[in-house]
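Below, subunit A partners subunit B and then partners subunit C, in two separate complexes.
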Partner chain A sequence: MTGSFWRYTLLIAGKDLRIEGKSREVLYTMGFSAALVVLVFSFALSNATDPAQGPITAAGVLWAATLFTGTVALARVLDRERENEAIRALLLSPAPRAAIYAGKLLAVSLLMLAVEVVLVVLVGLLFSAEVFAHPGWLALVLLLGTLGFAATGVVFSAALLRSRSREALLGALLFPIAIPVLLAASRATACMFDPLAPDLEPVAFWVRFLLATDVIYILLGLWVFEPVVSGE
Partner chain B sequence: MSERHLRVAQVSKNYGRQRALVDVSLEFAPGRVATIVGPNGAGKTTLLGILSTLVRPTAGEIRLGDEPLGHPARQTIGYVGHEPGIYPDLSARQNLRLFAALYALSSAEERISTMLERVDLADVRGDLPARAFSRGMLQRLALARALLHEPEILLFDEPSSALDPAGVRWLVGELRREREAGRLVILVTHDLEAASAVAGHLVVIRRGRVALDRAQPAGFPAAQVRALYEEALRDR
Partner chain C sequence: MTIPPALSLPTMPTAPAPTSTRFLAACGGAFLLLFLACLAVAEAPLESVMGLVQKIFYFHVPCAWLLMLSTFVCAGGSIAYLFRGSERGDRIALSAAELGVLFGMCVLVSGPLWAKAAWGVYWQWEARLTSSLLLWLMLVAYVLARRYGGPSARQLAAALALFAAVDIPLVYFSVRFFRSIHPQTTVVSTLGPGMRSAFWLSLLSFTVLWFVLMSLRLAVENAQARIVELEVLLDQAEEKKS
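What follows is the complex of A and B.
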């Protein structure tokens, strides 16, 4: 990857984050959705009595909320390109398509990670989970899970850019593809949240799995983004 | 400005089994406004998409001078569509700054100020987002974006479709100005009056084929444009 690739990537991500910094529209919507999902789950599961299921539930809720809020970010960040056909001006610029993809991936991932910080605290409070027992591992799993989800999400969101019911279709198309990421991330997180877990060996396994999935998804994304966004 | 011609050689474009363009060959010269007209679905926008490098032809070749028109040529193309291609949450200057960075322009701030003055947006409040602009202001900003990197080729796709009469007059003036500057300008439009006001080269596309290709450096009177258009569209 050349220096200009990274320059274009940072330019495009910077543009998306600058727009978000002005409107805060995506962050507020994501934050509100995240709080709502965690609250609904905490009410629904308040009578659960098996303490052994606690970490699994907390991890599941954390990743379910991440996926829902991530879908909001993906839909809106790509939607901004559709307004005024700004995407056409961007595609006509010398920026390589792969850098446009990488810029979008970076912007969406950063927005998701910002909301995940709030989510982790909320899950810790409402599910009495030991969310900060292994902060380094948790940060790594959040990063890899987010990248894997956003890597496929940017491609699908770009493919649905001109579709009328894109927000409904995005979840329907994206969630099945994101199952490996969701599975690995929630298993690793459940293990980290469990104070009775003997060691972190399963976490290391799932982190390696996430890393491999991310590499595959990102390479596929870089490869297919051009035909997808060109609509050919 | 460069003296390179844009040559379209036997270009076809198929979308599945539908033939959008069939064996189109044209040559566009700098310092002249070429106007492409034709009924809806004739293939005008597909042709402009191919000329802008956003759409790949199924067959044929396009060359700018001796070089094939591809990704590296994007630096030489400016495009104004019926939608302005502007980020509504950014101000005029922020939009132009973004595109100046994408085109890696040197002395970007100076160039941006010049362009904002040219399109009469220099006095607009600096932090006003483009969302608050009128349609005419957006189209002026779109022209500033398209001209920012001083392209050799300027492509216009129905740029007057949402403009009021004053906006259309302003646009015609800008097209003339670019023609005088020696730029190669291609305009796709339904507006035969606007076409006659600027065209030195008239192309009529019908059912994906070139039905008329006539260069007339002295220009085309409105009545002649209408007559040529109707003649070209008559069933043969």
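What follows is the complex of A and C.
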């Protein structure tokens, strides 16, 4: 049973990533809008010259851009199932609902992580932040933050498949719920970007916090995905 | 609209109708309690440092408690709906979410008024303030999801309520990592006797008010569900005739 769960998860994620590999639609639109969000912030905050606030601003912009562009990936990856009522076929297939959730979560997270690589470089350039001071910790925080955000996002995006105002609603529903992830990830990143920070103890604390949050969100997501997609 | 006698209507759980004697008595009781609470708050001695401003406390804390209660009732109703298909659970969740939005608004207005006098600023990014604000935002999101969520609005909103419930401790813990300047909950046990009785009376009357408002809102939801059911039955009856 466990073996087939992982097989179906990988099949569903692989299908979404193969479609994306051919069209590159989500990657290009997400990458471009991510670059625009960072640029908008850098224009809007161009007068902020206090060097002490630099790492906090850079980390905040990185995570705000990640959240905004993450909703694009969430909306598009689930939206594909709406075309020709593909969601019906997917739900009728022998794949367990939990595996559908896990597959979508994996696909969305990988797409978001790909765009975050571009984002990190851009933030480093435009905000003069020490983005590669602790590459291992940064990769870990990006991975955990993205997983936590996508874990809630996939549930809401799937539930909004048949709603007419899904684009407007997705962000409105998702952002209040994703605040603990945003808080923890941006504080950890700010500590990492700060060349004057005495030690990485707060980063380790926030990583543990993110890990706990991810476990809770993913378990809750696996639990509620079935009744949510099986609804009217 | 007359219902064909041959059709048996399924019995539905109902809250007391808004015009029933029981309901009117509960309403009267709630308002009497509120009136007594107002008198007790007015009579309560002035706090030595804060003076009159401290009296916001008698309004603010009961509202914060009801915001919390509403969220947990909403999550409980959502679990019952999502996993057992309970229609009653769904109606309770919606009613509680709306009341949560109402009392949350009272918390978010009264809190900053007090903070301006006590701390000199309206807002601080502090554990309890931030958690109350986020809790309120999540309940607003719940109501939005119910209204505009499309065909799966109810399932969507129920999932949202569950995520909101697990989020409360997470938000609280994440913001508490920074030093908290909000008065601790232990402040209640340090109140003088006059203040303490005013506080408990106020808490009790607000809680009774919450239950009255909840049953009123549930009665509206039940009536709406009944109308839909009657319309379906009427359509079926007309189809049979033709």
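One rule holds in what follows: the second predicted complex is superposed on the first by the 230 of 232 C-alpha atoms of A that agree within 3 Å, B and C clash if a C-alpha of one lies under 4 Å from a C-alpha of the other, contacts with A are read in each partner's own complex, and residues count from 1 in each chain.
Just so we're on the same page, a residue touches a chain if its C-beta (ideal position, glycine included) is under 8 Å from a C-beta of that chain, and two chains touch if they have at least 3 such contacts.
Model, not experiment: these values are computed from the prediction.
Enquirer: Which holds for A:A114: it touches subunit B only (first), subunit C only (second), both, or neither?
Expert: neither
Enquirer: Figure out whether A:L169 sits in contact with subunit B (first) or subunit C (second), or with both, or with neither.
Expert: Only subunit C; A:L169 stays clear of subunit B.
Enquirer: Taking the superposition as given, does A:F205 touch the first partner, subunit B, the second, subunit C, both, or neither?
Expert: second
Enquirer: Applying the touch criterion given at the start, work out whether A:L160 contacts subunit B, subunit C, both or neither, answering first, second, both or neither.
Expert: A:L160 contacts subunit C only, not subunit B.
Enquirer: Thinking of the overlay built on chain A, is A:L45 touched by subunit B (first), by subunit C (second), by both, or by neither?
Expert: Neither partner.
Enquirer: Just to be sure I read the superposition right, which of the two partners does A:N84 touch: subunit B = first, subunit C = second, or both, or neither?
Expert: first
Enquirer: Between subunit B (first) and subunit C (second), which does A:A184 come into contact with in this model arrangement: first, second, both, or neither?
Expert: It touches subunit C, and subunit B stays clear.
Enquirer: Given the touch rule stated above, what does A:L220 touch, subunit B (first), subunit C (second), both, or neither?
Expert: Once the two structures are laid over each other on A, A:L220 reaches subunit C alone.
Enquirer: Please identify the positions on subunit A that touch both subunit B and subunit C, taking each partner from its own complex.
Expert: Of subunit A, residues 232 contact subunit B in one complex and subunit C in the other.
Enquirer: Under the definition above, what is the set of subunit C residues touching subunit A in their complex?
Expert: Going through subunit C, the ones touching subunit A are 82-83, 134, 137-138, 141, 144-145, 148-156, 158-160, 162-164, 166-167, 170-171, 173-175, 177.
Enquirer: In their complex, what parts of subunit A are in touch with subunit C?
Expert: It is residues 152, 155-156, 159-166, 168-169, 172-173, 176-177, 179-180, 183-184, 205, 209, 213, 216-217, 220, 224, 227-229, 231-232 of subunit A that touch subunit C.
Enquirer: Which bits of subunit B are touching subunit A when the two form their complex?
Expert: Contacts found on subunit B: 52-56, 71-72, 74-75, 77, 79, 81, 83-90, 94, 98-99, 101-104, 129-130, 138, 145.
Enquirer: Can you check the complex and tell me which residues of subunit A touch subunit B?
Expert: Residues in contact with subunit B: 8, 11, 15, 18-19, 22-23, 80, 83-86, 88-96, 230, 232.
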